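In the part that follows, the structures are each spelled out as C-alpha cells.
You will see two complexes here that share subunit A, one where it goes with subunit B and one where it goes with subunit C.
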Partner chain A sequence: MAHPIITVEDYSFSYKASNKKALDRLSFSIDEFECCGIIGPSEAGKSTLCYAITSVLPHYFSGGKTEGRVLTAGLDALSTPMDLMMKKVGLLIQSSGVFLSGIKPTVREEIAFSMENLGISRTEIVERIQSVMEELGIESLAERDPLTLSGGEMQRVALACVLALDPQVLILDEPTSSLDGEGVRDLRLILSKLKGKKTILLVEQRMELLPGLIDSLLVLREGKKVYSGHAERFFSSIGSLEEDIGAPIWTQVCYHIASRGNRTAGTLPYTYRQALKALGTIR
Partner chain B sequence: MRMSSHLLTSKGMRPVHPLTKLYFTVSTVVLCFLLDVTAQVFIACLLLILCVLTRQRRSIFKRFLRYVLPVVILVLLLNVLIYPESEKWISLFGFRVNEVGFHFGLIVSLRLSVMSLSLLLFFVTTPPHLLATAVLMKGASPRIVFVFLHSLQLVTTLRRKIGKIFIAQASRGLDVKGNPFKRVKALFPMLLPLVFSYLSESLERGLALELRGLGIHGPKSYLVELKESGTERVANLLLLLGTSTVILWKLLQWLIR
Partner chain C sequence: MNLRTKDLHHVYAGDIHALKGISLTIAGGRCVLLLGQNGAGKSTLLKHLNGILKPTSGEVLVGETNTKLHDAAFLAQFVALSFQNPDDQISSKSVVEEAMFGPRNLGKQDPEALAREALRMFSLEGDANTHPYDLHPSKRKLLTIASAIAMDTPVVAFDEPTAGFDVTQRCLFGKALERLKERGKTVILVSHDLDYSLQYCDSVILMDHGSVTFHGDKIHLLSRPDLREILRASGLGLPILCRMSKAIGLRTAPSSVEEFVQLLHDNRTI
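The block that comes next holds the complex of A and B.
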C-alpha cells in the first residue's frame, strides 16, 4: 500500500514585507511514486508551494511568516538543511537557462556541478552522468557548451542535472514554458518513463500535457486549495471550466460545442481520445 | 574526461596549473613596478617567449596590438611632448624630442606593456572555470568565486541581451541602425529592460545555484581534477619567496632613505 511521501498540514506562508498570504492553510498529501499535477492561475502560489516542499522557503526567503507543517520524504521541510533535502527532492525551476550554472564549459561538467557540491566521489559522478545522459538521450550533447543549446536541449540538460542526484521526489515548475511542440512531446515521453520510478510534482499551464500522465491533481487559487484529488474527475466536470482554472483544449472545445447546442455536456472528455469519441457523438 | 586529457596533451601554457599561472602573473605585475629597466626587459622577453609558445599566441598578440599598443604609444608621445622641467633635447627620426620625457615614457610604456602582456597571457590561456576549480580546491568561498566568475561573464551576457533587445526594439519601429549618434540614442530605451532583466535573472540564478548546492559547507568533489605537480609547487614557492623578498628589500630601501 502506498504511503504519503509529501504531507502538507495547515500550511500558510507569506513573504517578507507582504501582508498577503502566498499559501493559505493548505493541506494535502502525495503518495510515493504518484504523479501529481499542480495547476492554477498566476499568483496561485504554485512556485511558493514547490519552494516550501524543497525547504527553499525558510532558507532562501528568510523573514517570511510560516504556519503549519510540511513533511517531505520523512524530513521536516521547514527545518531541514537544503543539502540534506536536495538529496531527496529535486526541483527544476521555470527558466532552465538560468538553472544552469553558466560557468561550466560542457554539458558533462554542468551535470556534475550539483554532485560536486555534495562531495560525491568522482567515480560515482562519472557513472551517474553517463546513466542520466543515456536515460534522457543527450549523450551527443556531452561536450557541448550548455549556453549554446536550444531551449529543448537546455531543458533536458537541466532535468539531467536534477536527476543525476537521484532524488525520490522530482518537482518540475512549468517545464514547458520555453519549449516548442516537439520539446513538449519529448518532455512528456521522458516523464512517462520516469513515472512509477519517482514521485513527480508537475506544475503546468499547458493542460494538454497532463492527461494520461498525472494521477492526481492539486488546484490552487490565491494560495488556497480549490481541488485535490483525481485528475480526470476534475477535468470531466463542468466545474473546472466554470471556475476558469483551465482545461485541455479538447475538453474546452467539447464544452463549448455542447453548450452552444443547448445540450448538457455531462461528463467532459479528459483525454484526446475521449474527446474524439465525444465529438463524434455531438455531431 | 576530455578536459583532463586535453589539459595533458595540449602544447603551451594549458598544461600549467591555473594557480601557478596566477602566481606568475601577480609576480610579474608586481615586479615590473618594483624592479629596474633591465629586469623589466628580462621579464618582457620571458613573457614574449611564453606568449609565442602558447597555442593562443595569435589571440594574445591581436589583443595586444588592438588594445594595448595604442595606449602605450599615446603614453610615450605624451611624455615626449609634455614632460615638465626638462631642457635636454635629442634628435629621434629627424624629430627634436625631450630626452628625459622620452626615457620616462619608455619606462612607463615598458611597464604597461609587461603588465598587459602578463595579464593577457593569463586570461587568454586560463579558462575561467578551471581557475574557479583551482581556487575552490584551495578552499575559497564558492559564493565569492561565482560572483567573480559571473562578473567576468557580465560583458558577454549583456552583449547577448543587448542584441536581443535591439532586435525586439527594432521590430517595434525604433531606429537602431545608422550613425553612432542614432545607435547611442537607441540604447537609452533599452537600458531599463536590460537592467531589470539582468537583476531578475540574477535573483533566479542565485536561487538555482542554492538549489544545486552551491552554498553547502563541507567537502566537495571535482569532475575535472587539477593536480599541482612537484615542479609547479616549487615554482609557486619560488615565485612567492622571490616576490616577497623584492617587496621587503624595496620597503627596507625606502625606510633607510
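The block that comes next holds the complex of A and C.
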C-alpha cells in the first residue's frame, strides 16, 4: 500500500501583521508518487501551502503565527533548515526569472550552482547536469546566457535546477501562468514523463492542463479545504461548476448545454475525449 | 482614436531587428487582440504607441499625432499602457494614490473620482488605503490595470493582463473590456490566453519574428479553412473551442463557450 509522503495536520498560518489566516486548520495527505492538483480562487492559500510544505515559511516569513503540523518526506517542515529540505523537495515558483541566480554566465553553470551550494561532488554534478538537460530537452541551451532566454526556456532551466537536486517531491506553483501555447504543451509533456517517478503537487488556474495528468485534487478557498479526493469526481459533478473555481472549457460547454436543457442530473465530462463523446451523443 | 503605423522598423542595440516594416491601421473604438510567440515583437510594438520607443525608421501616428515629434509624457494623454509585471509600474504608497497618479499627471479635472471608479470596476475600493505591496499579487495586477483605465485615455493597451487570474478576476476584466468598448475606447490586448481573449476582441493581429502575418476581423480569421496553419505560423495552437467544433463537424468556429452552445442550438442538435 502507498504511504503518505506529505502530511498536513490541522495546520494554520497567518502572516505577520495580518489578522486573517492564510491557511485555516488544513488537514490532508499525499501519497508517494501521487500527482495532485491544487486549485482555488486567488487568496485561497495555494502559494502559502507550497511555502509551508517546502519549509520556506518559517525561514523567509518570520513573525507569522503557526499552528498544527506539516511533515514532508519524513521531515518536520516547520523546523527543518532549508538546505536539508531542498534535497527532498523542489519548488518551482511562478516567476522563474526570479529563481535564476543572475550571476552565472551559462545555463550549464546555473544548473551546477544549486548543486555546488549543497556540496555535491564535481563528477556527480557533471553527470547530473547531462542527464537533467537530456530529460528536459534543453541540451541546446547549455552555453546560453540564462538572462537572454525566452519565458518558456527560462522556465525549463529553472525546472532543471530543481530536478538536478533529485528531489522526491516536486512542487509547481502556477508554472504555466506566463507561458505561451507551445510552452504549456512542452511543460505538460515534461510533467507527464515525471509522473510516477516523483510525487508532484501542481497549483494551476489553467484547468485544461489537469485532466489526464493529475490523480487527486485539493480545492482551497480562503485558506480552507473545500474538496480533497479524486479529481474526476470533482469536475464531473454539476454542482462544482456553479462555484468560483473554474473547470476545463469543454466541461463548461457541456455544463451550459445541460443547464439550457434544464438537465440537472447526470455527470459532466472531465477529459476532452469524454466531452467529444458527450457532444456526439447529444447530436 | 485611430492608430496607424507606416513601414515601422525597430532595431535594438546589438543589431536586433525587432520590427520589420509594420504597416497597420487600427480603427478607433475597436478591441484588437495582438498575438504571437515570445519574441515576436508584440511588446516592442506596444511601446511605440505611447512613445516609450521611437521608430528606427517609418512612422507611428496616434490620431493625427506623429510620435516622433513628441515625448512619452505628452503621448500619455492618448495611450495608457498596463504592463505585464505589476512591479514595473507601481510607485505609490496606497492603492487609491496609485490609481490617481496617471490622471493627476494628465491634469484631469477630478483624478480621485476617476481612480475610485476604476477601482470599483475591479472590486478594489475596499483596499483603497492599503499599501500596493500588501496586496495579493493578483490584486496588484488588477491595480495596474485599474490605474491604466483611470487615465481615461482614448487608447488603452494591456500586456498579458489575465496571467495568474482566477475565474472571478477574469470575469471582472472581461466586464471592464466591455465597458471600455461602450465608451468608444480603442483597446489593444496582448495575450497568450487565446481561449479567453478571443471572445472579447473584434479583430486580430498575428505577429511572427517582427512581421505581421495576419490582420483582420476575428470572424474572418475564425472562418478561414487554413486557420490551423495561420496560427501555427505564429507559434499558436488551435483554440480548444475551434478544435472541438471541428471535431464534431460544425462549420463555423466559435470564440466563446456561449457562442459554441448557440451554434449547437442553431444546428438543432440540442
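In this text, the second predicted complex is superposed on the first by the 281 of 283 C-alpha atoms of A that agree within 3 Å, B and C clash if a C-alpha of one lies under 4 Å from a C-alpha of the other, contacts with A are read in each partner's own complex, and residues count from 1 in each chain.
Here is the rule we go by: a residue touches a chain if its C-beta (ideal position, glycine included) is under 8 Å from a C-beta of that chain, and two chains touch if they have at least 3 such contacts.
Please read these numbers as outputs of a predicted model, since none were measured by experiment.
On the superposed subunit A, the positions of subunit B and subunit C overlap enough to count as a clash.
When the two complexes are overlaid on their common chain A, residue A:Met115 makes contact with subunit B while staying clear of subunit C. After overlaying the two complexes on the shared chain, residue contacts for A:Ile125 are found with subunit B alone; subunit C is out of touch. In the superposition on chain A, A:Leu279 makes contact with subunit C only, not with subunit B. Shared-chain residue A:Ser101: touches subunit B; no touch with subunit C. In the superposition on chain A, contact of A:Ser150 is made with subunit C only, not with subunit B. Superposing the two complexes on chain A places one of the subunit B stretches 134-142, 170-178, 206-214 or 224-232 into subunit C: stretch 170-178. Annotation: subunit A residues 95 touch subunit B in one complex and subunit C in the other.
Contact residues of subunit B toward subunit A in the complex are 1-3, 127-129, 132, 142, 146, 149-150, 153, 201, 204-205, 207-216, 218-225. Contacts from subunit A toward subunit B in the complex involve residues 54, 56, 59-60, 82-83, 86, 91, 93, 95, 98-106, 108-109, 112-122, 125-126, 129, 143, 161.
Partner subunit A is touched in their complex by these residues of subunit C: 37-39, 84-85, 136-139, 160, 163-169, 192, 194-195, 235-237, 240-241, 244, 247-248, 257-258, 260-261, 264-265, 269-270. Contact residues of subunit A toward subunit C in the complex are 40-43, 94-95, 150-152, 174, 177-183, 185, 205, 208, 244-246, 249-250, 252-253, 256-257, 260-261, 272, 275-276, 279-280, 282-283.
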